[in-house]
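In the two complexes that follow, chain A is the common piece, with chain B as its partner first and chain C second.
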Partner chain A sequence: MLKYIGKRLLQTLLVLFIVSIFAFALIHMAGGNPALLLLPDGASDEAIKAMEHELGLDQPLYIQYIQYMIGVFQGDLGMSTAYKIPVADIIAERLPYSIKLTMGTVLVGCSLCIPLGIIAGSNRGKPVDFFAMFFALLGNSMSAVWLAVLNVFVFSVWLGWLPSMGAESFSNIILPALTLGYPMAAEITRVGRSGMIDTLSEDYITATYAKGISRRVVNWKYAFKNALIPIITLVGMSIGSYLAGAVVVETVFAWPGIGQLTNQAVGNRDYQLVQSLLLVSAALFTLINLVVDIINSLVDPRVSLE
Partner chain B sequence: MDKRVILNRMRRNPFFVVGSIAAVVVIVLLVFGPMLIDFDPEANSLTERFLPPEGFSKGLDGHILGTDQLGRDVLIRLLIGGRYSLMIAFIVVVLQVVVGTILGILAGYFGGIVDSIIMRACEVFLAIPNLILAIAIMAILGTSLVNLIAVLTFSGWVNCCKVTRNNVRVIKNQEFVKASRVLGAGGYHIMFRQIFPNVTTHIIILASQRIGMTIIIEAALSFLQLGIQPPTPSWGNMISAGRMYMTTQPWLVFAPGIALMIAALAFNFLGDGIRDVLDPKRTAV
Partner chain C sequence: MKKRMLSALSLLMAVLMLTSCGSSGSPTEGEEGGSSAGAEGGPSKTVNIAISENCITLDPHNANNQGSLIVSDCVYEPLIQTDNEGGYYPWLATDWEYDETGTVWTFHLRDDVRFNNGEALTSADVVCTYQRLIDEYDSLCRAVELFPDHLLQSVEAPDEHTVVITLARPYSVALFSFAKTMIIPKSVYEAEGADMFYQQNLVATGPWKLEEWVDGQYAHYTKNEDYWNPNYDSYYEELYVRHVLESSTAVAGHLSGDLNANLTTGGINPDMLALYNGSEDRIEIIPVEVFSYYYMGFQCGEDSPFADINVRKAFECAIDRQSILDSIMGGGVVCKSVIPKGVLGYDENLPDYEYDPELAKEYLAKSSYNGEEIVLSSNTSTAKAEEQLLAISGMLNEVGFNTSVSIVENATLLDMRTTGDYDVFMVITMHGGGDPGSIMNMRIVQDAHSSDFVDEELNNYILSGLQTIDADERAEYYKKAAERLREVSAPHTALYSPYANYAIDYGVVGLDLYKDGMLDVTFVDYDPDATTFRGPDYAALSSF
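On to the complex of A and B.
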């Protein structure tokens, strides 16, 4: 068990190390001189040289990389060229919004659809199963772009119930959470249903029926737990990816999370910010996946043996 | 698998029937539709801005879905934009499958260090959420059709690679592979002539399911102005532009939105249908 966790931890660190090199290389391919962007227009050559020296741009690339990574471990992610403040401060300001939105989304996704998936899976071929499958396929086919716009049209423009942008009050979170939550709910329904179908065909379930245990108890007490494992994985991965930035939805609803920040950073050509965002996104995403794997190996010891 | 069994399953699977009919209708409309309509998708006509949809009251000569903020016919833009979306999705999925399959076969067949390197690469790509990776790369490479296709391929080959690799690891230990090695077959022959035909089922399933997904990701990138650039139409950038006029000219966002939904739905239905028809697990049921 501990060996498994240690192995996964090492793997995660290796992946993050490669991501950091990748992000660093990508941003250097973009070119441009960050020193020029940080200085006012028409700065003298000496000032540019001084700034380059201060930022370490006169060093060879691998030294620059090492310095960047030393900074990262000290909580210094560099200076944003567009906002002229430390990247770490910007991310720290935006991250709570991403966390809030993610929590809302997970609430929407899980509350509706874990029961729906389980019921559909245990009533295969019945009308409720067909409804669940249709709901799931529709959710998979709804792009965030169209669903976001549709939600704005229905709930803000037409009904006038909810605000379409901003992040000040509770009502602001409802539409973005619904927009992100629906595809997630659809996926949960699907995974829960197929998990349930797989589990119900196992021999030990037949054995419980043979013992005379009622269908309802078998479904919810025995099969449900096993069908839950893929759902945990899915929810975990979704949490990771929403924390790392739900770009489209945050942009449409002007929700100031990591996703909107990424889009803005790209628009501003703020490459230092983009580089650090790539790293932070990957770190959030992989660390959450690591936690999910550990939870899974606790729920189902077979996982760690693979 | 027997062809008759597959045909029979195809006929009886509602997802497959609905999906394939819808997909064929979408493709036919996008390929032949623009030939019937006599408007330029990119030329402005400022006297004809914001004409409401006329339906078929003037036959095919009127603005069936109205005009946009620059006086361009919405229907022709919808159809041309759809052509781009679909063309990109097909090319991207084919490239993803080619890259993913080759790397997957190499990783699965050789194992050891080759496997480690390819699998670590997969993990790195899995570590950065798809859209974030695509956005960062597009921002740096610049927006062009070739870059768009490259980025979409780049961010989506991993799935195919992992599935193929796992399949190959199982298949390479089977007796027919050993037999062919005893007969003196080389690595290339074993990988691509002996093993490859045995992993095609999973590849077809994966590919068919990725088309809808790719259409959606491309729309998201175009929506964020990192995909297809105006004035060239695409569903994503039409939604992005039409969003400003939602209260007064809702057809500008509804037309591309509904088109996007129908196309994605058609290909997702088809993908699910193909999975149900081909999935080896279901043979027992």
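On to the complex of A and C.
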């Protein structure tokens, strides 16, 4: 297992290296001079040149890239051109909010819908199955923006039950977590149901029935474990993308996570911040993937890490 | 059984971790930031105000966006106060005078002002502040904006309560610049430098004390109980300035009671105003006739179609400003020039821009324009940029132009304007403090947008106005400049000033919705008897 993890970490480094090149190239291809954003309208040529020098923008692109990567390996993600403080500090301040939102989303998505998917799969064609599929179809069809605004107006404006914005208390997380969690829940229901249907058609399940084991035990003890594998993969991938930032939902709910920060950084043409956000997001995503693979191997011994 | 216990424990832990999100100042929680009743049975002693921009820095000398200025202005104070409409009032300085050259300004400081760390304000603090602007001119945004071209020459303190500031040349809007320069404490600045801002150690003289600024969320203030000015004693004990970047969220938050005021930069989108229907008993919509105005800038270089005055005239005549204002912008005032109504030098007698497609065709027929494509550019930060430009493009194409529309990122448009790589751009701007001098100087005389248009007569009017201290005389120069600009139709053509609509709870008063588009929440207060909103009364606040 350790050998596998070491190999995957090396692969992760390679992925991050490629991502860093892409991030660097994309940001610079987008155009716009960040020095101008930091200076007042009508700043003199001398002031613009001085600012470009300060930001290292007067260096050739490959030198800028090398300097950036040297900093990354030393744990220095550079200075934000807009905030004028270390990028690492800004990300460290915002990342916990993304983690909290991700946890809330996963809680919403998994708590109801893993059982729902399993029950639907083991009751194929029955009313509970139709209900689960309708629920899944609805969740997959709604856009995040629409659902976010709908949630705000229903739960905050009309019912007055929950705050519409902010991130200061437990109640603040409910609406964004519901908004992100519902499409996730819908997907889990769908995947869980089809996984369960596939598993229940296996010969070993028929054999367990033949032994006289009750339907409940067969479903939850034997079939559930196998149906869980695609769900774990799905949840893992979702965690990776939510940690990387749920831009729309974070913006609508004024949730100060990585998504909102990315949105602002792109608008401010904050080169260093955007580059580092892309890098950090990619790192989180690949690490979560690694964790998912390990969990899958623990849940299902047939999945070999080697 | 064990497994069930484990599952239950896992769930409990997850909930506990989520609940550990903190509990400071949630808008719905009465005691902190919410709607709990005040001690006397009135509304909450906490006021929540939404602004649509994030704060980038707490450094009042380096703030380059409105979000940062609003946050730092609540704690820092200037020597003199202004209503941004040409009125100036004593504040940290009791009085001031300037010499016959208009370059040497003397300020006499109050002797009863203390910073919120207990230290007394002296002339050394003012010297420290202005010296910082001189020493770090190239790196401080406010130094360049308020005192362009190294205008600040020196600052001296003849005694503990007198400061003499010397300018390199007379500057007509010097008072406005002084009113926007926030005084920082020498002792803290010398000890910590700019770290004082990054560490949120905002030692200042203002009516609010910053408790915490959380990036992307809010700035939380408590009342400065030892505030020096007895004329301002807010009903509110706590103030939250919340950064709500999404306009629909701000409206929803206001309707749900999480917010007491929705101050979106440039006003609430007219399309969103209908959402406030039904809340008239609690919330008042305040339309402000602002100085800010949309304009289009022409690239007038040799190879550009706009080097020909007939093309520029045709362009101006082809645009139906009123219809765009009514149908897209939700109402406002059509401009007569780049000096809109309410700004010094506005000329009521200047003829309106004429909408005459036939005349536009005539101008175009006698021009050198050969049908080459003209790109109308704007940026994503400009409200309804695409709708406006599409409407304008349609009108222009009707009379024979060949135009297309391009909406780019803010930074990209800045770059285009700096290098002159554009045909026509459209943005919104405003004349800070109601004086057009610095904007016209920067954008026309200095040609900050590389339009390659030079008209000596126009430039002379602007420069003469800029160096004239007397307001009436200055207004005359600006009128002539506006008239000349209309004659040559370059480098800008003005469009309109839309109304800026803000939404504020009844009873909440003292927010300054400046006509130049800027906002200030420092003097927020509650008046149960107020039947309509009113801003701060600076004359009363400064009557000592």
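Everything that follows uses one rule, which is that the second predicted complex is superposed on the first by the 261 of 306 C-alpha atoms of A that agree within 3 Å, B and C clash if a C-alpha of one lies under 4 Å from a C-alpha of the other, contacts with A are read in each partner's own complex, and residues count from 1 in each chain.
The rule we apply is simple: a contact is a pair of C-beta atoms (placed from the backbone, for glycine too) under 8 Å apart; a residue touches a chain by one contact, two chains touch by 3 or more.
These numbers were taken from a predicted model, which means no experiment stands behind them.
Of the two partner chains, chain B (first) and chain C (second), which one does A:194 touch, if any: first, second, both, or neither?
neither
With both complexes superposed on chain A, which partner does A:264 reach: first (chain B), second (chain C), both or neither?
second
Is A:149 in contact with chain B, with chain C, with both, or with neither (first, second, both, neither)?
In the superposition, A:149 contacts both chain B and chain C.
Is A:244 contacted by the first partner chain B, the second partner chain C, both or neither?
After superposition on chain A, A:244 lies in contact with chain B alone.
For A:233, is the partner it touches chain B (first), chain C (second), both, or none of the two (neither)?
It touches nothing on chain B or chain C.
More residues of chain A are touched by which chain, chain B or chain C?
After superposing on chain A, more of chain A is contacted by C.
Looking at A:104 after the superposition, I want to know if it touches chain B, chain C, both of them or none. Which is it: first, second, both, neither?
A:104: touches chain C, not chain B.
Pick one for A:22: touches chain B only (first), chain C only (second), both, or neither.
In the superposed model, A:22 contacts chain B only, not chain C.
Once chain A of both complexes is superposed, is A:123 in touch with chain B (first), chain C (second), both, or neither?
neither
May I ask you to decide whether A:59 touches chain B, chain C, both, or neither, giving the answer as first, second, both or neither?
neither
Show me the chain A residues, by the header's touch rule, that chain B contacts in one structure and chain C contacts in the other.
30, 149, 152-153, 157, 251-252, 263, 266, 269
Any idea which chain B residues touch chain A in the complex?
Residue positions touching the partner: 15, 120, 123-124, 127-129, 131-133, 135-140, 212, 215-216, 219-220, 223-224, 226, 236, 239-240, 243, 246-247, 250, 253, 256-258, 260-261, 264-265, 268-269, 272.
Applying the document's contact rule, which stretches of chain C touch chain A when the two form their complex?
For chain C paired with chain A, touching residues are 11, 14-15, 17-19, 21-29, 33, 54, 56-57, 62, 64, 138, 141, 144-145, 148, 198, 214-218, 242-246, 248-249, 252-253, 255-258, 380-381, 408-412, 414-415, 418, 442-443, 446, 448.
Given the complex with chain B, which residues does chain A contribute to the contact?
11, 14-16, 18-19, 22-23, 26-27, 29-30, 137-138, 140-146, 149-150, 152-153, 157, 240-241, 244-245, 247-248, 251-252, 259, 262-263, 266, 269, 271, 274, 277-278, 281-282, 285-286
Sort out for me which residues of chain A touch chain C in the complex.
30-34, 36-43, 46-48, 50-51, 82-85, 90, 93-94, 100, 103-104, 107, 111, 149, 152-153, 156-157, 160, 162-173, 251-254, 256, 260-261, 263-264, 266-269
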